[in-house]
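Chain nomenclature is as follows: A, B and C, assigned in order of appearance, with residue numbering initiated at 1 for each chain independently.
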């Protein structure tokens, strides 16, 4: 019935797909955390305008599907770049997907960072200020390092979710792991086997990563 | 090549029959709601059963539920959709396979696949919420119910679940919203739900910014209305003095 | 050194401080006491502007806090503060706790800051713990580190906000000993505390607060010696606290 032998010769191609998936995830997570942290600081700021803007950003991206963002950006980014630069700037699906992931995930990371910052007691803020630190120093040296330590498991969990969600780039034809498995399977007429294999690989990676995160979480809480 | 803004595009003819673009969005929204609601019913039923199973003092029963959750949570939704759409029909018995692939119209078979897929996918998440809700209850509740002579199913049905559901309404709400958002993957197997209609409008009319703005607004409104609906449900079933998880 | 002039503070409609006026002179040790919720912690936090107030002014060493042009971080760096819950930074080692503000705020070099920090750590008797994290120390030890951390900034005045009330009873004295020593060295101090023994031993003046107002502000000898002349609420408070 099922014949998995065709997978072995296709492994190099699948590996390239996996590299694409990992690249998207890692860059998406880094960009998402940076942007998300900035958003979180805006949300927590006493400036009403800033905090409302950041709040609107988060609400907006949390109420639309990631797939919509990916599709839209794929179509829109070339237009927007042309408006900015005034000339045709070719951007591939990779760049537009990456921007989509960063901006979308930033909304989720923002909420994680915000909760993390709020979980640090008010006294820490007071103590840092009493030592003469300004707002920037207090956040950078005292509050954020503690908050990030607490948030690490949640940030990692969100990254695992993004790892799975990168498969949605299938919609714009980017050859990530899933898409390379689909393509290789179709060529030799074994698409079902390749699909099962892809699912298995995703499962093993996500499952072991979640397992490690859970262990880390236990270590951090004890 | 310049971009021509035209916010009136939604009222223009699509060139297909007498339809205007807005009709496409309405049809798409209809499909999105249909998929999400059907999947949610499956998710809620199956998820509740699994959630109860995870808390039952029997290793095999709870182990099965745990395995289910791990399996469905660690495989990307799109992979699961492809499995249900492409692979599972191939595994059906001969005559059933023929019916599914040939007699059924393609929209119906895609709809069945996506509803089953989303339902089972979301069930894993609902399961975790139900379990959390049950485990958040004071231990004494189960003991008290047993002491009154209830058998285990009665304990769950009469004492634990009514309390658990009430305290997990907020996280269940966000899962409910997720089903609507996740239903957009149906566009990848050719179902003309909201996202697919948006894309089609963008391609036909070349007014992609307008099309996606409207889609965003529809999703946003849908989200807000569902949130309000769930708040109303929460208020309606609220019991004074009952603990709440993550409530304010 | 510190002069508090008609400070008023509201949380919404609720007035937490009403017309508080007092002074702490150079070299003076002033103890602030009163029942919980009397506003004494809020008042001391107004001195380094950790709590904003709506009316009045606090002048620290010639610098007005109400003046919007005042550089508050700079002012705070010259005022040492010790908190009820220590507020050491849990992600940093003891040494880092002692040096971080010296380096980042005062701009001292790392070597200089470390030398100073370790010196003060020795003074509070905790040299052996320099490389530990705050979580590995007892409450009393943490509070002594917190005092050393404040002293490392070479403050012109030290504020103590109930420094012993979060401690287990057996640890109270080790912290008070450090404070007494500090007082004897001539440090200007403002202490919110219930430790009347400490007040008797080193205070110059005692302030009693209730319901956001300064009810009593007099020399120690007068406060403890002439109880008959005290306000009714003061007598009531002292009777409760000195019973045992």
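Following the convention adopted for this analysis, a residue touches a chain if its C-beta (ideal position, glycine included) is under 8 Å from a C-beta of that chain, and two chains touch if they have at least 3 such contacts.
Since we're looking at a predicted model, the values are computed, not measured.
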Grouping of chains that still touch (sans subunit A): B | C
Looking at contacts between chains, which pair has the highest count of C-beta pairs? A-B
Please identify the chain with the largest separation between its CA centroid and the CA centroid of subunit A. C
Central chain (distance from its CA mean to the mean of all protein CA atoms): A
Per the C-alpha centroid definition, the whole-Å distance linking subunit A and subunit C comes out as 46
Based only on mean CA positions, could you tell me how far subunit B sits from subunit C in angstrom? 56
Inter-chain centre distance, subunit A versus subunit B - centres from mean C-alpha coordinates, in Å: 22
Touching residues (chain side subunit A, partner subunit B) in the complex: 60, 63-68, 71-72, 75-76, 79, 164-165, 167-168, 170-171, 178, 182, 191-192, 195-196, 198-199, 202-203, 206-207, 210
Parts of subunit C lying in touch with subunit A, wherever the complex brings them together: 45, 48, 50, 72-81, 83, 85, 87-91, 100-101, 104-106, 149-150, 153
Under the stated contact criterion, what part of subunit A meets subunit C in this complex? 121, 123-124, 126-134, 137, 141-142, 145-146, 149
Quick one: which bits of subunit B touch subunit A in the complex? Just the residue numbers, please. 3, 70-71, 73-80, 82-83, 86-87, 90, 177, 181-182, 184-185, 187-188, 195, 198-199, 202, 208-209, 212, 215-216, 219-220, 222-224
